[in-house]
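Note that chain A is present in both complexes that follow, paired respectively with chain B and with chain C.
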Partner chain A sequence: MIITTENLTYKYGVGTPFEKTALNNVSIGIEDGDYVGIIGHTGSGKSTLISHFNAILKPTSGRVYVDGEDLWQENKLKRIQTRFKVGLVFQYPEYQLFEDTVYNDIAFGPKNMGLSDKDIEQRVMMATEFVGLDKKYLEKSPFDLSGGQKRRVAIAGVMAMSPKVLVLDEPAAGLDPRGRDEILARIREYHQETKSTVLLVSHSMEDIAKNANSIIVMNRAECMMHASVKEVFEKAEELEKIGLDIPQITKVFISLNKLGYKVSPDIYTVEDARDEIMRCIKDGDVK
Partner chain B sequence: MIKDITIGQYFPGDSVIHKMDPRMKIILTVVYIAALFMVKNFWGFLLTGGLLIVIILISKIPVQTVLKGIKPLLFIIVFTAFFNIFYGTGAPVFPDIGWLAWLKWGGLRNAAFMVIRIVLLITGTSFMTYTTSPVMLTDALERLISPLRYIKVPVHELAMMMTIAMRFIPTLTDETEKITNAQKARGADFETGNIIRRAKALIPILIPLIVSAFRRAEELADAMECRCYNGGDGRTRYKIYSFSLRDYIAAFIVLAVFVSIILINVFI
Partner chain C sequence: MSNIKTEIIKTENISFSYNPEENSALVLDGIDLEIEQNSFVAILGHNGSGKSTLAKNFNGILLPTGGKVYACGIDTAQSDKILEIRRNMGMVFQNPDNQIIATVVDEDIAFALENLGVPHDEMVQRVDEALEIVGMTEYKHHAPHRLSGGQKQRVAIAGIIAMRPKCLIMDEPTAMLDPKGRKEVMATIKRLKSEQGVTVVLITHYMDEAVQADRVIVMDDGKILVDGTPEYVFQNVGLLHSVALDVPQAAELMYKLREYDIKVPISVLNEKDCVEVLSKLLEGKIDNNHREFNL
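Right after this comes the complex of A and B.
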């Protein structure tokens, strides 16, 4: 387990009339090297949960362990170190760009880590490559880039710290379909090549199905499910009850299955669907 | 931390004070401030303080909120009091202790005077914003200074600018927090180091904040134009203010306090 929470509870505005429980007794464990999708309705506590993983928020009660260490038992310096271990990319991260060149902005994290110039350069190059950003942009001002490129720069800024865990809060929000697929493909590549743990918060069941190995379902400040993709999407009705959904292609295959076609109902991506149909044709189940 | 500052915050309610004409509230607040600065002895403070307590009771604003509003200014209050103590005249407080000879009764009196005056000033004026929504406030201000347009002061534009500025305070506070967290996630450290280091550490927050403020300004300008906003000329009002009985009563009370203070100054 790389990240564990124990009875994690967080309340906003304690002691004011606006007090609100954003997380209620959440106990989860994130496996090292896993790719975890986090889904949930708006306001279900997803963003609050991930802000605890790198000590941005302090739990009202309960504990957070990263790599076996209790975050709030350590001293402040140690907590800042955690932020290099758990890289957090917030929603619309392009709004955090501030340096004069793209290079300097990506280098901000590694610089804070206290690395040498040579190491910093190497990190920046690595991150630039991972997000698929052309090297010619490195000397440009980040404010001159397009929205999608800015997003890549911002994500590279976190990847450059080489975090063991990369947490992304809707990294594809507001991008066009192509930008969306590209960013997610880059993140998947990063996950496979660096063997790091990735947590992806998303509203798109398709994106989650395509990328994640397991899913955490948040509902009303609580963790409702934490299981494999298959186990979660099997409970389509429960998901629908809390305002979530299953991938469209899964719906199609469940219907096909009900109609009597001998296809598996556990199909979550278009690629799997293609393979399944090919298999059926080959086996002669479908004419 | 930024959220602790309560000056300029509005507490919705339906007390008589809330319902007063905002123009009258502004005028009376000015009269109240003038009265405070004319006070020369503690009787005057008793009167203005009494007025303030009556206002607190009528407006039903929780006392804790009022006290919280003073908290961020505690430093200034203590600072002022501290320096006033040194500049006293009159008899020493401890005539028998040599090294305390500088401590005079006059200094203590001055210090106490300043503290009371600042506290009454802050709490009194903050009641205007506690009981008046920012929109009403700027609206009233626009109306009050509107005669200035005859000498070519862009009254409407100024009022609109103020409304927009106030409208965006919470938005920008939110944004600051978001950007701070994002930079913290990249290992930015705002809490350690000397003052120059800390000031430098603010750059990663300030630049994105300014950039986003400009972006919002542009978007807002577009949105306003889409709704055919073209300045103050020919705009009519949805809400027409008029003074009612309660405004005249309030005016009478505050003016009575004002006159009493002048009389106290003359006769006591």
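Right after this comes the complex of A and C.
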């Protein structure tokens, strides 16, 4: 397990009339090298949860372990080192760019880690390549780039720290379909090549279905499910009840399955759907 | 005019460039368009295709470099009529946080009315009415910053509706919302059209929203690529893919099955129709050529 939480509880505004439990006794374990989708409607606790993974928030009670280390142990230096293992990319990260050149912006994280100039350069080049950004942009001001490019710079800045766990909060929000597919493909490549763990927070079940191996479903400050994509999507009706949406094609196949056709209800992508229909026709065993 | 249907927006061969003096690229290039009153039109296109620029030309936020735009029959180049145009052509943007200014919901909705000099009693009535229409009456005295994204966006819509516009132009109003918030906003849009007779122009990246419109216009490189009913537009799967747009999964599946020479209909957009078509196919009621499959 690369990240473990034990009875993690977090309350906002303790002692005020606005006290609210944002996380309630969450105990989860994230396996090293997994690609985990985190879903849940707004206010379900997703962002509060991921903010605990690199100690931005301190648990009201309970524990968070990263790579075996208790994040809130006494030794402050160790805590800092442990934090570097988890890279967090917030929503709309392009609003957080601030350096004069793209290079310096991506180099900011590695610099703070105390790396040598040579190592920093290597990290910047690696991250630039991972996000698919042309090197000619490195000396430009990040503010002269398009929205999609700015977002790549922001993601590269976190990748450059080579975290063991990369956490992304809605990395494709607000992008058009092409921009979305490109960013997600880059993240997938990064995951495969570096063998690092990736946590993807998204509202899009299609994106989760295409990318993740397992899913954490958050609902009302609790972890409602943590299982494989298949097991989670099987609970389509429960997901809809808590304001989530499963892919259109999955709904179609669940309906067909209920109507008695011998098709699998576990279809999440159009390609799988086509292959399943073709298999059925070929076998001639449909009902 | 011989046609009984009247258009609320009309563009005549408009072109637009952000820097016409420097001969910079045309963002809009020869757009001829008529949008009928009380229709619901969705505009699709990837980033940079010109869709937001087009929308801003509809109500005189931008003026065309060449050609003419008529909003409610008024030439948008007439600077003395700009207030009348803006009042009739309300606009809602992507980020609800950038559109809310007051600290209480009803005051926020009243903001535009105050600027328009609407008498107090009428203002109160219009605010209540607008809240009712977007289904936010119970939040009248709430602080906007404590609302959810979908609720905030509905408050932003109410602020526009209170001006009683004839047309609502929305630039990706659901891009920052979760599925629940998106559904709330879509339901509000449809109600505005059917109950209030408002014309809706919706710019979106979400195909499931576009299929709910009466008409879908696809923009690419400053031009109109396809224009028609959702059923018609989403048949052009290959064309839409070529400009990096999605189609609903149901339509995509039909397209992929047809690649295998299976004669499924092409205009399938929703779950229900898709289930029906696939049932027929599995029952052998749709022509297929399955000996040639090579999986």
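The rule we apply is simple: the second predicted complex is superposed on the first by the 271 of 287 C-alpha atoms of A that agree within 3 Å, B and C clash if a C-alpha of one lies under 4 Å from a C-alpha of the other, contacts with A are read in each partner's own complex, and residues count from 1 in each chain.
Assume contacts are C-beta pairs under 8 Å (C-beta built on N, C-alpha and C of every residue); 3 or more make two chains touch, one makes a residue touch a chain.
Predicted model, so just to flag it, every value in this text is computed and none were measured.
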{"item": "Which of chain B and chain C A:I80 touches, first, second, both or neither", "value": "first"}
{"item": "Which superposed partner A:L256 touches (first chain B, second chain C, both, neither)", "value": "second"}
{"item": "Partner chain(s) touched by A:S61 [first = chain B, second = chain C, both, neither]", "value": "neither"}
{"item": "Chain B or chain C, by number of chain A residues touched", "value": "C"}
{"item": "Partner chain(s) touched by A:S27 [first = chain B, second = chain C, both, neither]", "value": "neither"}
{"item": "Partner chain(s) touched by A:A173 [first = chain B, second = chain C, both, neither]", "value": "second"}
{"item": "Of all residues in chain A, those that touch chain B in their complex", "value": "51, 54, 56, 76, 80, 83-84, 87-90, 93, 95-98, 108-109, 112-113, 143, 157-158, 161"}
{"item": "Chain C-facing residues of chain A, complex", "value": "41-43, 146-148, 173-179, 181, 203, 206, 243-245, 247-249, 251-252, 255-256, 259, 261, 263, 270-271, 273-275, 277-282, 286-287"}
{"item": "Chain B residues within the chain A interface of the complex", "value": "175, 178-179, 181-189, 191-192, 203-204, 207-208, 211-212"}
{"item": "In the complex, chain C residues that touch chain A", "value": "45-48, 94, 148-149, 172, 175-181, 205, 208, 244-246, 248-250, 252-253, 256-257, 260, 262, 271, 274-275, 278-279, 281-284, 288, 290, 293, 295"}
